[in-house]
Amino acid sequence: MNNSCVYPGSFDPITYGHLDIITRSAKIFDKVYVAILNNTQKKGAFPTEKRVEMIQKSCKHLDNIVIEVFDGLLVDYVRKVKSNVIIRGLRAVSDFEAEFQMSHINLQIAPDIETLFLSTLPKYSYISSSMVRELAYFKGDFSYFVPECIVEDIKQQYK
Amino acid sequence: MNNSCVYPGSFDPITYGHLDIITRSAKIFDKVYVAILNNTQKKGAFPTEKRVEMIQKSCKHLDNIVIEVFDGLLVDYVRKVKSNVIIRGLRAVSDFEAEFQMSHINLQIAPDIETLFLSTLPKYSYISSSMVRELAYFKGDFSYFVPECIVEDIKQQYK
Amino acid sequence: MNNSCVYPGSFDPITYGHLDIITRSAKIFDKVYVAILNNTQKKGAFPTEKRVEMIQKSCKHLDNIVIEVFDGLLVDYVRKVKSNVIIRGLRAVSDFEAEFQMSHINLQIAPDIETLFLSTLPKYSYISSSMVRELAYFKGDFSYFVPECIVEDIKQQYK
Amino acid sequence: MNNSCVYPGSFDPITYGHLDIITRSAKIFDKVYVAILNNTQKKGAFPTEKRVEMIQKSCKHLDNIVIEVFDGLLVDYVRKVKSNVIIRGLRAVSDFEAEFQMSHINLQIAPDIETLFLSTLPKYSYISSSMVRELAYFKGDFSYFVPECIVEDIKQQYK
Amino acid sequence: MNNSCVYPGSFDPITYGHLDIITRSAKIFDKVYVAILNNTQKKGAFPTEKRVEMIQKSCKHLDNIVIEVFDGLLVDYVRKVKSNVIIRGLRAVSDFEAEFQMSHINLQIAPDIETLFLSTLPKYSYISSSMVRELAYFKGDFSYFVPECIVEDIKQQYK
Amino acid sequence: MNNSCVYPGSFDPITYGHLDIITRSAKIFDKVYVAILNNTQKKGAFPTEKRVEMIQKSCKHLDNIVIEVFDGLLVDYVRKVKSNVIIRGLRAVSDFEAEFQMSHINLQIAPDIETLFLSTLPKYSYISSSMVRELAYFKGDFSYFVPECIVEDIKQQYK
């Protein structure tokens, strides 16, 4: 076992909420794989390469993370990188049930892989990528919700 | 960092739900401290020594766990054993909020200690120590809910 | 199978919420056993005989109900009256989890007995016996929440 | 009253969760109508005839069920088959509110028809048709979640 | 401060649930702005002028309301009408989290504007515009759920 | 109508969560009555006079609040001070249902009085008086959770 974990998500774009989970995971595990789901059925707002770039900028202070794009089943990706832990952040009760359903499905099809949950810090608990996108679309101020270094990238996208 | 975790609880008595969390934690961490809270304000149904004994019997198949009794604040205990991770099982939405409140409090007073949550396996999700005690009190059959090796201990207590 | 059901509760006192569930169950099943739990560990506000009497008064319009007091495990009572269905009303999310936990426990220890849930009518969804007792204690007006014929009984109790 | 019930759904495809509810309903009621909603606004993954066929295969052990396709309002269908009970399975808190809203609407427009809820067995509580479809799409192993006799049908659909 | 409030929504169409919140708000505040969101990304079932008209008809008994259509960010509209209070109705737990998320976002980007919540009356708690539209589409009876004076308008739309 | 509101609670002791609600209410209403429930059935940890004193110290920056102790029914107190609005803070889903039940009861017995809810700021959402008391009891650091000016008062109580 290599004491690593995988933190999967859309990161479309990365928010302070995601960054909180990445930073705290990086204190517990030797290596954190930040894994961007390339959802072939539902195109994101930002191209996956742009999402990688924004995560890279936001995580410069961390030296034990790897950022990758994956498609297909999450558990196949976890095995590929030889990890056995999935990390997920929980913000609210509505997250809870969908996340637990997913974790039970994954435990059934891959019993060697565990999902561990971190509670998102309260001050970030109401932030979501979709809210950031909506604010950006309407030229509202979204700068409280994402790392400063990517504010311009997001504005560019919604110009 | 010693890659250990602390799994605190009342274990009054240990159930299959607890055992599931202990077993899965033992696969992820090098050492699991099973920490029985000695609640001086609310006496349990079983003496703490009996609870230690029942956990020992139930966990014979695991060689990387330590069973201890603690009182006072949980974070003080976690520091004493030089760990930085608390493990908690989540069964249902009603667990969720109380557990998250506690984890936020702990993160505020001890920022170096993280709480990680595991979702209890669905088949154990409705089991609780209090339900076992009530069944035992009314001479109902509680043997589906606790390890076989402690069924007699519980019956003795409620004779 | 005798097409009957058991509706268990404390009925301390019966409210319009309970009466709604009893009346609707009586349309579906040939016989409804209204089963008052005699909780030996927690004394109620009204003596069980008084609770029986208040249910009787409130259910005069129904001719297929039987009102009884039971103690011990619910499933033992259900078997004694040769039924195989427990009826429970659900008001809110907070009811949901406790009720489901109980139904799963009962299904495990008595697989031949099913629990069926009815959703309490919205207009009664916020009524509870404890709220009625508190209003009665403080001489507030609780007459919207219980059948008219038992208002005096409750006032007498809190004189 | 003919002591029957209607269990409506999309069954796209049937899962072990659905089969659990059908089997338990068939123990309580003399006849169970399994009613496949033909949603004209949202095409399913499987044609309705295929869904009928998969339910038939899965329910061979039951001799008191009728499988039919309906469109329009559910309460109209329930009246057509001369039943007065709708059966629904509840898995999680998130089901709860949508289901209760629907049951209150139905009770308002058809006061003679009651909705009864069964709690899905915990071990099936995290299974959904959409999860099965997603696993099948990505060539994951979904065989734990549906009756063995329809595994091939599903694979064929996603070839 | 002009002691007014803004009640935003889609009102597609207005229901008794909306009318309840408007009427109660009009008792607390000197002026209530009923603000119809003109969602450019998601076309409604009724044109916004028709929605204005239906609200007008339904609110004839109130003399302190103003009905307007807005687009863009809600907080910009609130400032434009010189109010500092947003009113929202809460029906169920599932409303709760989305509404709170929105209120926290709004408080972050506009700290001078507060969101106040009213609990929808239980008897209206299960009503939604989408349910009304679905009933109208299938020629079901939706007249219990909307003001009588707009029943014909809705029927016309779904002819 | 005097444009005032009543904010009831135990305030045993006041926390930053309470102070947040008081401060925000004081921006919306001309006068805020902070009403301490003197629960005759359940003695608090701090005497009511001490609770008044701690609220006074914490609210020195506000000039439109009145701090009072009341017993009996809340709606009777609201009428006594000639207000028609009750303010409550909501932190989590678990608050939601108990609070809504109470608001519906109050609306039934006093239709002229409305309850308005504010969402507690996320950063205070996990704070509760009971948590503060427990930390104080175990000599933990509770100073993040209550106004600085009352930290010593609380320490004195738990000496």
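Order of writing sets the chain letters: A, B, C, D, E and F. Residues in each chain are counted from 1.
Methods note: a residue touches a chain if its C-beta (ideal position, glycine included) is under 8 Å from a C-beta of that chain, and two chains touch if they have at least 3 such contacts.
Only a predicted model underlies this, so the values are computations on that prediction, with no experimental measurement involved.
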| item | value |
| --- | --- |
| Chains contacting each of chain D and chain E, listed by label | A, C |
| Between chain C and chain F, the fewest steps along chains that touch one another | 1 |
| Recurring contact interface, reference D-E, options A-B, C-F or A-F [over half identical by residue number] | C-F |
| Superposition of chain A upon chain F: rotation angle, C-alpha, nearest 5 degrees | 180 |
| Taking each chain's C-alpha mean as its centre, the one farthest from chain F | D |
| Chain whose Cα centroid lies at the greatest distance from that of chain A | C |
| More contacts between chains, A-E or A-B | A-B |
| Approximate Å spacing (C-alpha centroids) for the pair chain B, chain C | 35 |
| Chain A and chain C: spacing of chain centres that average the CA atoms, whole Å | 48 |
| Centre distance in Å when chain C and chain D are each reduced to the mean of their C-alpha atoms | 30 |
| In chain B, residues with contacts to at least two other chains | 93-94, 97, 100, 104, 122, 126 |
| Which chain pairs touch, all of them | A-B, A-D, A-E, A-F, B-C, B-D, B-F, C-D, C-E, C-F, D-E, E-F |
| Chain C-touching residues of chain D, taken from the complex the two chains share | 3, 24, 27-28, 84-85, 90, 93, 96-97, 99-100, 103-104, 107, 114-119, 121-122 |
| Parts of chain C lying in touch with chain B, wherever the complex brings them together | 72-73, 75, 93-94, 97-98, 100-101, 104-105, 108-109 |
| Complex contacts: residues of chain C adjacent to chain F | 92-94, 126, 128, 131, 135, 138, 140-141, 144-145 |
| Chain F residues within the chain A interface of the complex | 93, 122-126 |
